[in-house]
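Okay, handing you the structure first.
We just call them A, B, C and D in the order they show up, numbering each chain from 1.
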């Protein structure tokens, strides 16, 4: 276990509160400069587009625990209704033998592929950049809502495929990914991690679930970042980390009695965007095939106003 | 008015059913080849990222008509709860003075920025590629669901800013955009429209709503494509058209008694992806500034399983 | 206008905090004793059952303002799907040519016929019986949730049909119902209002809306109780007041700058159950027909856990 | 196992299609006459009100299977927001130190205490009274929606406490309640079952779940009515049967390969209202205490328009 004193130390050493102004609601995503975007785009070679999101529907990982559930899709008009002549729109039958389908979804925003926004986690009554936690109410947050990340999180991505770099199919639950692991994975992919990068961190847990079933994927034990990687992430100017687990960091947690302690220095103090439940399997296969582990990532979240997270329609373009 | 006979003629002449195989669920988005994606990426110059989606929340255009409503966001945990020590997770208080926010949203998928999927519209009991409409049921569609477009709709975008090409702030409701208008707008932007392009069609209606209020933006009259542009779209191999109106095509409609007749040849028979309520205002300003009207568009929709549409987190990268 | 000082006076004079114990979460509904229930049941004569709730669906009064909307019903399985052989349950076709329909609803609990629960309104950081307002969080209220009223609000009802007692079809918006009006309506109905009664207060606004349309029925001006009826309600030991308007009390409000001021002494301090948007039209007709204005009311709310209100399946049995 | 031929025989012998007119949408609930209601009310003795519904929230029996889930309650305004001065209504702070809470719920109508409506089950393309199944669409059913039962299902209730009559705490899963069991339970309660009665059928499964946990209560095996009780229900003119299990009838089912076969003659052909997941534990205790097993039941469902079921706020008044 790691001493809880390190939590306070990291918070003090790595806080970005005020770094991009007192009004900033974006955090480390500010490190993605136009130059970085243009550079990433220029290095696209094959024109291959790889989606990075889990499908949204019945087959997701959620069990209902903690109020999180798989996306529910409700058709409010259907082809069967059309085929049987039972359909109206605006109170009238549709002309010219036309029909339509429409849907409503009920979706918990932290339940599938998503970015945490910077109002997702609080510490001692504050959220990122020092705003009072009470800016976040039952009707949403007036600060750090996910809409402030819209148009961001597009830039150079590097896939750090940790299990492949160790010649494993996946990392086991509870495996804490170290700085050495990160650097070995970068070397494996022949990429240099640079300021403003979006790190796509593959643990392979999703690969394992595809073989063994979801189990406790949502909210349970997982491989993930060690708490001790915080300095490395800060020093390298990482803009965002998106992983294939529910919470990016290793579980069980490394500090006695804590719950997701990495989130405190990373999300609350650094303002580091954390992407969770990204599907990196197809991407890992594509990178393995041609040996290119950098790409243009486009993962701007949907601009829900004031929410604590939100899904992008994420793709890697390579 | 246009003679209804043209509807049948267009359907016959421009149908793509079977063109990409009997199992195709993608339509004209197939025209976006890897070469096109790579080419579009290479031409990114400034590294500027412009989001193209409306914000999701109270302030949207819907009125509740036709079962369509503005996205409702529900916080299930809040900063105020944290600040007052009233928060639990998994039935226990959170340790280390930590707190969190989480949200559920209820969202109608055709009510803000979205792509129609190819099961959105039926004609004579069929949907795109000839699948029976009855593949679409109360629990979603087994064919042509929006998830089949995920990873697509990333490619070269061209902004056709019709009102600016005419030195207008916006087109008036009921204005039918002609082939000549499209070509004049392309010339205005010094772009050549090519096979596989994603056409971003600005009418300016959204600019007008920002001045005058939403009014009947959702479901009412609008400027938009003339029915007579179908041949041009087909001949140029357009992959997708995304516009800043609720329904892409001009309203009132041009065929007596019809409802959104352009959707029939375009969506049902050509399999043309239609993007609706895209916000092109910031993009138009950016293009006007540097005179560059082509870009990389990244607008892969969220992979809802079996729905008739879905939002992307759309951006133009330029 | 009424002097705001009266607000504080009424709060002090009529508060029931502590009256039924420090743990009470029921308020004046405690006044409905078993004797009263038995007495009311014994006086049922015709065996007529009159429902008192608005239908739940598209046709309701809400406009979306204040996050309130008409109940949305989503079929997740339909007869059209069954008829076309497109239906499964549990992943398999149903045997024996069987089919089914099921539905999900999304419903705002204050948007149609409902009882306010005693955590619906706060004053100076407190709710009924002095509990801190902060017992009510984004995940519901640990005190005074509507489930505590379940099994209550069944007892003797008296219909006070104010407009009929004045030979009017309805009262106009802004009409403040006085103590004299209440007594005249009781006399008109030949009923004596007694301790533990559920007062069904008809203003006729709903009758007017059925002629003229909903207009601003939800949240706008309305006839209703004068603030000055608080002493009368307290002295008569009224258990509950259910009216045919959205908020029971007269609008515009009678105290300068206040918003629904009657709710403060009545709901927060007396713990008086307020029923809103009850449909009393059929009941008024039935009472007019046989001249009997007392009845057994059965209006126990659904036991949603921790919500600020909830619908009953209300009926008058007479 | 029971021979499947009996299904067709019962359908033919016990169908009520047309019995109450070609337009009937109510079924056996028609048997509850005004005389019966008045008689039941007159026999109320103690004035005791016993609620019969499960609480609606996190703690319910659903697991998410078959699209059924426990009611989700979302506060859209909270006391914590009020206490911290973070609350607005209609875009403005509330005056006079007032605050409020409001909630939205997302609820699957077959997932807790509810009545099936007569459009819940189809057979061979038809629903009760012969209406085509296709009256039921993705946007609800034009026939036999639950709103037609509103104002019904109020009348004489008899509790048939089968396990208590056998000196058991509960019946085991798979136990098929026979006609003899029903009659023994009536005798045990010293009640005579009569035409128009609402039978409250206790199996004790809920008592067992309170000891052992929900397990597969929702959708799994259960004690319940034998298929062979259909003639008895028909001959006695039972208006409705409400039980404490998810599906009233015994599971596993008694006809090879069938799914809930009792529902076919009972619900589709007789039009028998079936109440599911009623909580009869407190009622059983009350009846045991004073030996009175008849009561006035008030269980009119909420008038959702066109849904396949709906919750009442059910109470027994005794």
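One rule holds in what follows: a residue touches a chain if its C-beta (ideal position, glycine included) is under 8 Å from a C-beta of that chain, and two chains touch if they have at least 3 such contacts.
Keep in mind it's a predicted model, so treat the numbers as computed, not measured.
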Where chain A and chain D overlap in contact partners, by chain label: B, C
Copies chain C and chain D touch via same or different residues, half shared test: same
Rounded Å distance, chain B centre to chain C centre (Cα mean): 44
Distance between the centres, which are taken as Cα means, of chain B and chain A, whole angstrom: 24
Residues of chain D whose C-beta touches two or more other chains: 58, 67, 72, 75-76, 78, 80-81, 83-84, 86, 104, 106, 134-135, 137-139
Residues of chain C defined as touching chain D within the complex: 4, 7, 33-39, 41-42, 44-51, 53-59, 65-68, 71, 73, 75-76, 78-80, 82-83, 89-90, 94-110, 119-125, 127, 132-141, 147, 150-152, 154, 219, 257-261, 263-264, 296, 298-309, 311-315, 317
Residues of chain C touching chain B in the complex: 58, 63-64, 67, 69-70, 72, 75-78, 80-81, 84, 86-87, 106, 134-135, 137-139
